[in-house]
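Quick notes on the structure that follows.
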Amino acid sequence: MSLLELRDLHITYRSERGDVPAVRGVDLTIDPGETIGLAGESGCGKSTIAGAVLRLLPKETLIEGQVLLDGEDVYQMRPGELRAVRWTSAAIVFQGALHALNPVQRVGKQIAEAILLHSTQSKKAAQDRVGDLLERVGLPANRARSYPHQLSGGQRQRVLIALALACEPKLLIADEPTTALDVMVQAQVLELLAELQRDRGLGLLFITHDLSVLTSTCERLAVMYAGRIVEDGPSHDVFGTPEHPYSAALTRAFPTIGDHASRMRPSGLAGDPPNPANLPSGCPFHPRCDRAVDDCSVADIELRPLGIGRHAACIHIPTSGGDDGE
Amino acid sequence: MSDADETLDVAPTTFSPRAFRWQRRRASAADFWSRFRGDRLALLGLIVLLVFIVMAIAAPWISPKEGLSAVDSIDNPTWAPPGRGYPLGTDNLGRSVAAQFVWGSRVSLWVGLSATVLTIAIGAAVGVTAGFFGRWTDATLMRLTDWFLVIPFLPLAIVLASVLDRSLRNVVLVIAITSWPGTARLVRAQVLTVKQRLYVDRARALGANRAHVIRRHILPNVAPLILANLTLAVPISILTETTLAFLGLGDPTRASWGKTLEEAFNAGAISRNAWWYYVPAGAGIVMVVLAFTLVGRAIEEILDPRLREGGA
Amino acid sequence: MRARFVAGKVFGALGTFVFVLVFNFFLFRVVNDDPTGKLFRGRNLSQAQLDRRRQEFNLDGTKFEQFLAYLKQTVSGNLGDSFLSRRPVTTEIREALWPTIALVGTSTILSMLIGIMLGIAAGWRRRSKVDVGATSFAMFTYSVPDFWLGMVLLAFFAVRWPWFPTGGFEDAGSTATGLSALLDQAHHMALPCITLTLAYIGEYMIVMRSSLLDTVNEDFLQLARAKGLRDVAVRRRHAVPNALLPVVSLSALNFGYVLSGAIAVESIYSWPGIGQATLEAIRGPDFPMLQGLFLLFSASMIIANLAVDLLYGLLDPRVRGR
C-alpha cells in the first residue's frame, strides 16, 4: 500500500475577496522508501499540498478529491483519528528559518511533547529519547535544554528534523528545509535527510523551489505550476531532458551561488508567477512561454503520458503518448 | 501605502509629478471612502459625531445661554423631572439640564479635539526628530519619553492643573503634556521603518537636504499613522477632560459634561434618584467616545494593511 | 548574566526615580513660581501664616537653594506637613494606603484575569459570537468614564436596591473585629471594586485578543497542531504563553490607569484611600500633600514597571540574554 496517495486533489482558499484555487487537480503517489521531489515557484501550490496531507489548512478551505494516508482518507477521519495519525503516519520537517519552534519553550520539551503524546512512555524515557534523536541529527544531547534563539539556523533545522523523527513516521514531508541556510549548512542538512531516509527506509516528499537540491536527493521529480503538476518522471530524466517548457526554464536556471534573487526567480524565465486568483486562460504558463502557439491561450492541456513513468502537460507533446521523451 | 508607491513611481513616469501625485491622491481618497462606507459601525459613528458637532456649533440657537445661569434660573422649579418646558428636567438650582448638556458638548468636543491635535503635534515632533536624526538625539528623546511614560498621567494632570490657573486653555495644555509619549514612540517606530526603505537613502544620496527628506519622504509616509492615531486619541482626551472636570480641575466658568457630573454628584442627585441630572452627560460622553473609537478603528484598519489582511 | 539583567533593570528604575524627584521640584516650584499664592483665594490666611507655609515648602532663597533644601528633606523621608491637617504627609499617606492597596490590588487582579480569559476566548475564534460580544463589551466599557459607571452602579445597587452600602470603609461606629470586620469591609469594597474591574477588563481583553491574533498564524502553532495536539493544548501550551508577553508588558501601563481611576472612584464611594486624599488635597490646594501623593504614584508606577520587566525576563528567555 502506498504511504501517501493524492487523488485529483483540488484545494481552494476562501477569502473575503473571493475564492483562490491553489491546487487544481493533483495526483501523486509515494510508496515506502521512495523519495519524490516537488518543485515550483512560490505560490504554485506546493506548500499547500504539505499542509493538506495532515489537514492543517484553515477550516473554511475547500478540499476536493482525496488524500489517502496509508490508504485512509484523511478528510473522512474523525478528530481523534486524525490526531492519532498526525506525526505518526506522516511528519513534516518545517522550515527552520521561520518561527517553527516555540520561542519560549526549550527545544527538548517540544520534541518530548510529541513523543509523550503518541506513546505511553515515562517522562524520563522520553527525555532519553530526545537526547538520542538530537545525537542522531548531529547535535549534542544537552542541546535539549536550549531555547530556539540560542541555536544557529542550521542547528534549528536539525532540531526540526529530530522533531519530525520523534514518532518514527514512515513518511516525511520536508517543506523547504534548506531555505535561508548558507550553502555549506544546506549541503549538510541535505545529506542528513538522505542518510536518514536510507537508514530507515522512509518515504520522503521533498518540497522546494530549488530544483538543484532535488536531483541529488530524489528518485522522482514532479514540477508544479499554477496549482498543477506540469511534468513528472524519474529525476535525472526530467532534469536532463525536460519536456515542458517550464521545467526546461527551471533547469536552465541553476541558481547562482550566493545570489538570493536568482534563486527566488529562475533566470531565463520572464515575468512573475501568475496570480492564483486570476489565472491566464488556456495553459496558465503561456504568457511566459517561449514556445507558446495561438492555441495555448485556449487549450488547457492535461498531463500526457511520455514514456515509462513520465508525463508532461504541453501542447507540443503528441496525445498518442509517443516515446519522444526518451 | 499608496503614498509609498507614489514616491517610487514618480521618477520613471512621463507625467508631471505633481499632476500624477494629485491623481494618485484622489484615487486613494475614493478608495478610502468606499472601504469606510463598507463598515456600518464606523458609518454610524460618523453620523453620531456629525450630530454632536452640529449641536455644539448650534448651541446658542438650540438653548439660550441664560439657562446655564443660576441667577437667571432662580424662579424655576428645582429638581424637576423631565417634562414640559424642561426636556431633561432641572437641577438643584433650577437650571435646565438640557441647556447644560447642549453647552457641555461644546467644551468636551473642543477640548477633546484641540488637546489631541496638540498631543499629536508634540508626539510627532519628538518622534520624527528622534527617528530621523538617530544617535544621541534619539537616545536622549527616547529616555525622556520613557520617563514620561512611567509617570502616571492623571496624578500628573492633577498636579499640573493644581499649580496652573483653571482655564480651558490650561486643561488642553495639561492633557497634551501628559499624553504625548505614546504618540512619540509610535511615530518614531514608523519613521525608522520608512527611513530604512531604499528611496530615502536614494534621495539623500542625490543630495536632498534634511528638511526636504522629512517633508517629502518621511511625513507623507507617517501621516496616515498620525491620522489614525489622532482619531483614536480623541476619546482619551475627552475622557481625561471629563475626569479633570469631575475632580474640580476644569474651567469653573464653563459648563462641561464632566462639570455637570461633578455638580450632580455633589448636589446629591444619586440619593435623590434624580437620574435626569447625571445620565444625559454620561451618556453623551459614552456616545461621543464610542463614535470616535468606531471611526478611528475603521480608519486604522483601512490604513494598516496588516490589520486588513489579518486572520483570514 | 541573569544578575546583570536584574541589576540593569533596577538601575534603570532608580534613574527614573531620580528624574521624578527633579521633575517634581520643577512642577511645584518652577512651573508656578510660588504656588502658595493660590492659597489666598477664598481663604482668610494672614501674611504670617502664608510665610510659614512658604518656608515649610522650601520656597525661600534662590531656585538652586530651594532645590537643595527640597532634595535634602525629601531624601531623608520627610515630605513636610499637610497644609490642611497640619500632620506629616507621610502619616496621612500611610493611613490611606491600605484601603487603596486592597481596592486597586483586588480589582487589578480581577480585571486582568477576566480580561485575559475573555481575550483568549475572543482571539482564538475570531469573528465568533464570543469574539463579537467580548469586543463590543470592551469597546463599550472603554468609552464609559469610570466615575460615571461608579455613579450609575451606586444609584442602582446602593440606592434603588440597597444591597450594598453607599460608601465608606466599614459600618459607622463598627466595633467588629476579626472575620466579621473583614466581611463588613469586603461588603463596602464590593461596589468600588466592581466599578474599577468593569472599567478595566476591556483594556486587558483587547490587548490579549490582538496579541493572540498576532500569534494564531505563527508556524509553531501549525507545528504543534501537526504533532497531533488537541486544539485546547495548542492554545494553552503554545499560543497563550507567547501571546501573554505583550499583555504582561502593558499591564504596568494599565496599572497606572487603574491607579488613576481609583482617584475618582474612591471619591464616589468615599473610600478612605489615596484617591480620597488626593481629592481633598486638590480642594485645598494642599501642596505638600499633592507633592507627596505625586511621588507615591510615580514610585508605585516605577515599581510596577520594574516588576513587569523582571517578570517579562522570567517569561521570555530571549530577553534575559544568552
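Letters A, B and C name the chains as they come in the text, with residue numbers starting at 1 for each one.
Quick note on the criterion: contacts are C-beta pairs under 8 Å (C-beta built on N, C-alpha and C of every residue); 3 or more make two chains touch, one makes a residue touch a chain.
Remember, it's a predicted structure, so these values are computed and weren't measured experimentally.
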Touching chain A and chain B alike are C
Strictly by count of touching C-beta pairs, the top pair is B-C
Separation of the C-alpha centres, chain A versus chain C, in whole Å, is 53
Expressed in whole Å, how far the mean CA point of chain B lies from that of chain C is 24
Residue positions on chain C within touch of chain A in the complex are 218-220, 222-230, 237-238, 241-242, 245, 315-318, 322
Interface with chain B, chain C side, in the complex: residues 16, 19-20, 23, 27-28, 31-32, 35, 38, 126-127, 139-140, 142-145, 147-148, 151-152, 154-155, 159-160, 166, 213, 216-217, 253, 256, 259-261, 263-264, 267-268, 278-279, 282-283, 285, 287, 290-291, 293-294, 297-298, 300-302, 305
Interface with chain C, chain B side, in the complex: residues 146-147, 149-156, 158-160, 162-164, 235, 239, 242-243, 246-249, 258, 261, 264-265, 270-271, 273, 275, 278-279, 281-282, 285-286, 289-290, 293-294, 310-311
The answer for chain A against chain C in the complex is residues 51, 54, 56, 83-88, 91-92, 94-95, 98-105, 113-114, 117-118, 147, 149-150, 163
